[in-house]
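Once you scroll down, you'll see the structures, which are given as structure tokens.
Common to both upcoming complexes is chain A, partnered first by chain B, then by chain C.
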Partner chain A sequence: MLTQQIINGLMLGAIYMLVAVAFTLAIGVLNFLNFSLPGLFMVGGMATYGFIRIGWPWFFAIGGALFLAALVSLLVERLAYRRGEGAEADVPLVSSLGFLVLLENLMLVQYGSDQQAFPALLPDMNLRVGGLVIGIAQIISLAISVILVAWLSWFLKRTNAGRRIRTVAENRETAQLLGVNIRRLVPQLFVASALLAAVGGVLFAVNYQQVSPWMGEGPGFKGVAAMIIGGMGSIWGSVIGGLLIGFAEVLSITFIGADVVNITVYGLLLLILIVRPQGLLGKPPAREKL
Partner chain B sequence: MALLEVSDLSVQYGRVTALEKVSLTVRDGEIVTVLGANGAGKSTLLKAILGAVPARGGGVTFDGADITARPTHERIARGLSLAPEGRRILISLSIEENLLLGAHMRRDAAAVHREMDAIYARFPNLAERRHMLASCLSGGEQQMLAIGRAMMAKPRLLLLDEPSLGLSPLFVQKLFELIRELNAGGLAILLVEQNTGKALGVAHHATVLELGRVVMAGEPAALAADPRLREAYLGDGG
Partner chain C sequence: MSGYLTGVLVVLAFNVIAAYAVYLPMAAGQLNLGIAGFMAIGAYGAAFLTNEYGWSMLAAVPVASAAAGLVGLVIGFPVLRTHGIYLALATFALGQVIAAVFLNLEVVGGAAGYTLSAYAGPYVVFAAAIGVVLVMLYLSRTRFALYLTAVKSDPTVADLMGISVRGVQVAAFALGAMVAGFGGAFYALHYNFVEAQHFNVLLSVFTVLYVLFGGAQTVWGPLAGAMFFTLAPEALRFGEQWRYAIFALFIILFMAIRPQGLITTSLFQGFRRRSNEASP
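Let's turn to the complex of A and B:
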């Protein structure tokens, strides 16, 4: 029973982890709390649903949804981030929040506010290992999340583009003096973080087989909590934070009841903020990012 | 032949004029030094040559091509490279990552690694700690790393912005030996310095800036003998 719940928690945590890493990229490198990301998570799930409904094969539907999320993220970069440069830090934050509201309501206009049933894309097969039931969708989702994050971490550490990103994270002016083309790098980062969030949304839809215009809010804000618990700007911190929140959520549903989920999750956040304000893997005040 | 030709370059920060019609030439294989007090516009000149601050007037020609309107990354790809003022080492990156960052636009990985080995051979202190964070280095070692990083771009003209600032006399000595050696290997260097004596000692040509204008230019020996140099170098409150 407990092991089964740990597996379920791992699955949910993997999705939070993707969202947390998406936030981490934006805040760690650009110092931008990008609140359009929960919206892009939702676009991942809802647009896949919409494309399937008009008859696209599921892999085209997913590809189309990811492409759409990337496009919207480029719009956010142009309209919320770039135009807000040089203004107070909360100006781009608030306009990115505006994008979240806009995206949710566009979906509402198109599909209504009800939960929609998302078709089962994967055969409803389960692996049974010593009394445990593990869904195929669960395993595939977990593998995709872990591979994506591990690849991202390798990319940042080992490639020229990764070093450029970490240089911008530490000091923009230095990056410019060393010839980093920031005008090109920033939109690329927006696309990367949008894709992480949207993949999270697709996996969420595939696993829980329902979508709605509001589906991004829960995982989105838990992703932010996961990022803070793990330590702002640390990718592996976000991984740990995401998994922790996934476990906390599943275990509290099982042992205490579904009503207390938010108390557990945000209580965990509060506890971390009191005990270790920089987060589990965060470094104290002098910020070293990524 | 002229490698770098700066002609009547002007730079403005808001309403403050930082450079006013500055002209300067660096030929192949030459060390040119730019002297002047704090605020004379020396760093601004290097940044404008690199394209990190926009020119309001005048032009920059490098290797026969007008680069006045080109972005920084393109200028670096053409063969300009800067070891910036204050060294600007990335402390969240390892020593080796700092060096590789200097070569971030190059695609010839094998050559990049050969050159990194050459830099390690020259600075064994860096080689020993290559995988440690660059924050563990002393000021002098950081300066060597900054120059090593600039060299990793395989420049044809190396821009050095006050490399001796804050270094111990021993490191200043080492630094100027390094500048001589790099130049002996055929590299052209544009050296901004406050250490007038040492800079005039290595340079083939010198220019003195004051409040954004060229006030003197010529042979180092002639400048060293000029009583006005002290005055210009010290400047206001210098």
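Let's turn to the complex of A and C:
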């Protein structure tokens, strides 16, 4: 029973992990709390649903949804991030929230506010290992999340592009002096974090087989919590934070009740912020925007 | 006044109060994303005191808003150790926890919500909102407003000038919480029903949006922002389900064109210069 819950927590944690990594990329490198990411998470799930409904095969549908999310993220970069650079630091935050509201309401106009049943993409097969039930969808999602995050971590550490990104995260001006083309790098980062969030949304839809215009809010804000708990800007911190939040959520539902989820999850976040603001794996903040 | 107009104006009054609750800490450089939690304390406090103890509104509202302020004060000390984005997220978490606690409190109805018997009419609500605006206008002319600006602009220099930075920060945070509790109390008394789900993240976030949209540089910004945000969606009612999408698009474009908000200090300076030139 407990092992089963741990597996469920792992699954949920893997999705939070993707969202947290998406947030961490935007915060760690660009110093931008991008509140449009929960919206892009939702676009991942809802657009896949929409494309499947008009008869696209599922892999095209997922591809189309990811493409759409990347496109929207470029718009966010143009209108929210770039325009807000010179102004007060809260401004990009407001516009990115504007994007969240816009995306949710566009989906609402298109598909209505009800939860929609997402078709089962994977055969409804379960592995039974010594009394435990593990869904195929769960395993595949977990594998995708872990591979994506591990690859991203390798990419940032070992490749030239990764080094450029880390230089910008360290110090923007120095990076520019060293010849990093920030104007080109920033949109790429926006696309990358949008894709991570949107993949999270697709996996969420595949696993729980339902989508709605508001599906991004819960996982999106919990992703933020996961990022903080793990330490802003640290990819492995986000992994730990995501898993912790996933476990905390599943365990408090099992042992206490569904209504206390917010107390445990956000209580944990508050506690971490008071006791260790830089998060479990984060470095103390040297400089900050906002 | 028609029922529709009264309804809209009541919403406007609540939004104005909430906007000033966000504005106070923001004037000291804090982004409070948990204002809904403090509203919930005020709302449930007023509801509980009038229902269970039969207190009159006159006694219940100040006590409920003081309770919200007290929670702000107690929590403000540890939470204000953090800055910037960490503070914003700590307040965000705080708001979530407070709302979730009320959701689980069976004495006040839990998830089913809580019904009140006391009632505050629309004119009481208007008076409360006007009162808050007047107090804020008064505050903006005192030294306290200068301290807030000093702490926001440069805490180090403010500290060197002998201002207790920590004290001003906690005061701004707690006062904001108190104003939020005040608004929450009247919200409960006017609608006669509170449910924890109302006081969610989006309420906090939208309130912050009013202030940033209106402009956080002057005391008039929150008022302008709240008015715009309440009245514009009503004006867009013809668009039915499109209206929030249109509205969000407008926010994005507006922030791209005028990132400093609707009403700014330079706007006032411009006026003053012009009037000075007119009457030498």
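FYI, the second predicted complex is superposed on the first by the 285 of 290 C-alpha atoms of A that agree within 3 Å, B and C clash if a C-alpha of one lies under 4 Å from a C-alpha of the other, contacts with A are read in each partner's own complex, and residues count from 1 in each chain.
By our rule, a contact is a pair of C-beta atoms (placed from the backbone, for glycine too) under 8 Å apart; a residue touches a chain by one contact, two chains touch by 3 or more.
Since we're looking at a predicted model, the values are computed, not measured.
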*asked:* Taking the superposition on A as described, I'd like to know which of chain B and chain C A:R166 touches: first, second, both or neither.
replied: first
*Touching partner for A:I136 - first (chain B), second (chain C), both, neither*: neither
*With both structures superposed, pick whichever of chain B and chain C touches the larger number of chain A residues.*
C
*Identify the partner contact of A:N181: answer first if only chain B is touched, second if only chain C is, both if each is, neither if none is.*
first
*Indicate the residue numbers of chain A shared between its chain B interface and its chain C interface, in ascending order.*
288-290
*What part of chain C is in contact with chain A in the complex they form?*
31, 78-79, 81-86, 88-90, 92-94, 96-97, 99-101, 103-104, 110-111, 201-202, 205, 208-209, 212-213, 216, 241-242, 244-245, 247-249, 251-253, 255-257, 259-260
*asked:* Quick check on the complex: what are the chain B residues that touch chain A?
replied: 47, 50, 52, 71-73, 75-77, 82, 84, 88, 90-93, 97, 100-105, 149, 153
*chain A to chain C touching residues, read off their complex*: 27, 33, 35, 79-80, 83-84, 86-88, 90-91, 93-95, 97-99, 101-102, 105-106, 108-109, 217, 221, 224-225, 228, 232, 259-263, 265-267, 269-270, 273-274, 277, 285, 288-290
_Complex interface listing, chain A residues touching chain B_ = 160, 163-164, 166-167, 169-171, 173-174, 176-181, 288-290
